[in-house]
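Please read the structure below before turning to the comments.
Residue numbering begins at 1 within each chain, and the chains themselves are lettered A, B and C in the order written.
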């Protein structure tokens, strides 16, 4: 590779370039190979400190970033709100700057408000700290590392076709609570950038007609909106179910779990509408029997759900590596 | 050593073989020596990931497994319920599989329901994951690593006698809330397997007559049940007090702490009934002045309580090593 | 250096000697250089285990000690009350001894009651454990590592003057809730020991006249008490604002945040009374707009607040190193 990585922070996929997708996918592929070796570690980020600033609790994403950092030989610091001085009134920016002053070279940020990782990134730039911020999920805005690991899971399935073409013309269905989903938003960016057709399906409260207006013109031609789930998954190569947050029900955005399951739940019968080689994705954790039948979750042939988790470590190693070293060398 | 270790999971001591006890004790002894060296580490599990899945909070057991893993050069991931996506409705099996998909090679599981570690082990086997599960305490069922560290603490006291004979014919008293104790249950298995006589003492609500019926015939000849504490500890070589859970009182299983202490609490006077060389064990944390007098806890001559904690790290290193490498080589 | 370090525990600065301050400052300076190298680590404490026993929650102090330990190649164990067996009734001393039995060679203790770290240290000595205790903040008593990092931040600013003289005759103002502040108490010890004049300012409820009587005669000549903030900061070389605990208000020790800010808050106007080269310190986290204006916090010229955090890692490395190795050798 001769192209260097130049992006300091990973906050959104809205303006990710094809070359950047390539870099992430190829670097992650290198690391996925490292993970099959005996020691599973590379010294790439020795001396670096990855601070996981999770203002919103999360098990899997934090553990995934933590393990990715350790396998790059970085040290990790974990901050979680409950045990924090935010209880003492500290501002979010001050928390982040404190960890940077302590020595953090990369901060991984999750917050239930959109824009917090970007605000931290701006402050780090203002201070000329040379520190990178990675958005690990901000409100209903974006979850770039999730969409990139989804993409990587699909990438690893590709046959011999040219690497950049593995999604061109493919049909991807995303089903569920689209409007509140940072996972959906980031995936729409990545999937359209790679040339896929994205078909969204969900009830009107969770997928309003106006949703399409939020997309820029170049993408909106690749995105289709459906009220019923059947046309969305009809012939789809990939089907991604989104997690249903139970709090949507108490907010009266959903009639009942039973109705949701009846109209949008994916089981064997509905999935038969998709391509015979369909692969099913879910960002996890799954509400079994709601978004997906248990059978669909556990199907060894079609379910990519555990593979997504495995891909997550390799992709997060790639992201930490790229922003942490700023260069595209062979990992190892 | 020529015998290899074949057990994939450590869930129960009910069917542990003499050769397996030997392997654990001898491997732990090797590691206890490692712990006296300057760096205290061996590279045995480099690249392995030990995930501590503690669905029930615990300080000492989690820290003990964590330190054991680090000293084998494994990486560790900690999951605790409070900060977990179980709040989000994920099933326990999905949590475990997620950590395995992330790269965990051994999962250490604690749960307040009996059978959870075994259910996880079955699922891992079904998936052919090649991953080991270790039961770190499941409900009122078993706590194998605790009983093995108790055994190792006694093993390290042995004189020149043949290693397999160090408990043969010895009298061990276990006092307290037997029926609810996973520690007692695992200890009954290990102590009888090693040839000891086990004398149980506790109030009828905490040690019903029917308890003996649960034991298989071969063991039940070595287990004796007492309503009063005195005959149990009379001449005993080892006395193990169990922790009294305060919730037993609110469940009306206990009249009052004062009565319990009067009838079953162990202090200097009662312990004089035991062998002059008696050693006192407790799984910790102790309710000082309830199960044991402070004097008994702190007696440098007879109390093994802190030694049990030290043994815990060596024994857990042994367990992680044996299931993690599946072979009995010299540690180092 | 030929002088060896002899202090086993770091509990209080009340009797710290000039040679000890020297040792800490010079060792920290060595480590601050290590932190500018690529790997940022030294093998000095390989095999050591630092147990962070935080009976009172804290983000920054725990993370700072944790990172300091890792950079000395020690292993770390974290204990926090919420997930602890203290819930189960274990005594504090038993918790500490359990971690020592597990292998901890240094325990770092924070507790909201004064004297807990010292009680643990006494118990460790009684047991001849060879283990060091470091006070990471005990009630309203002391916070030695904070005062030492404050001192180190000032030390790194010194010009060519003799190292021991960098504070001689300097005026330091400490403003706020003096009487409840462990930070103030430790700083009064360190600053007077280094020859500074310490000017305290705060409302009568938070700085009673009797406060001075608590100081021994030799120091009390260097400490001055002010009801108004202006004479305290007039011409001051260094101004330290203390954190205002909001619980003081509910305890009726403070009329209102607005009045406090009006009378003791430090902004651009008040700070103009100080030396033109004044440096502003705060132990963090800052209540912006209460103790300090945001402008004062963020002033790149005068604010030392982030530098204090950076100094914290180097100073805590020094403390762990000095008690952990008991000798003054060149780090590396």
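Here is the rule we go by: contacts are C-beta pairs under 8 Å (C-beta built on N, C-alpha and C of every residue); 3 or more make two chains touch, one makes a residue touch a chain.
This is a predicted model, so every value here is computed, not measured.
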item: Chains in simultaneous contact with chain A and chain B; value: C
item: Same or different residue numbers at the chain B/chain C copy interface, by half rule; value: different
item: Rounded Å distance between chain B and chain C, as computed from the means of their C-alpha atoms; value: 41
item: Touching two or more other chains - residue numbers and ranges from chain A; value: 82
item: Interfacial residue positions of chain B with respect to chain A in the complex; value: 46-47, 49, 75, 77, 79, 82-85, 87-91, 94-95, 97-103
item: Complex interface listing, chain A residues touching chain B; value: 35, 37-41, 57-60, 63-64, 66-67, 70-71, 80, 82, 243, 246, 284-288, 306-307, 309-310, 312-313
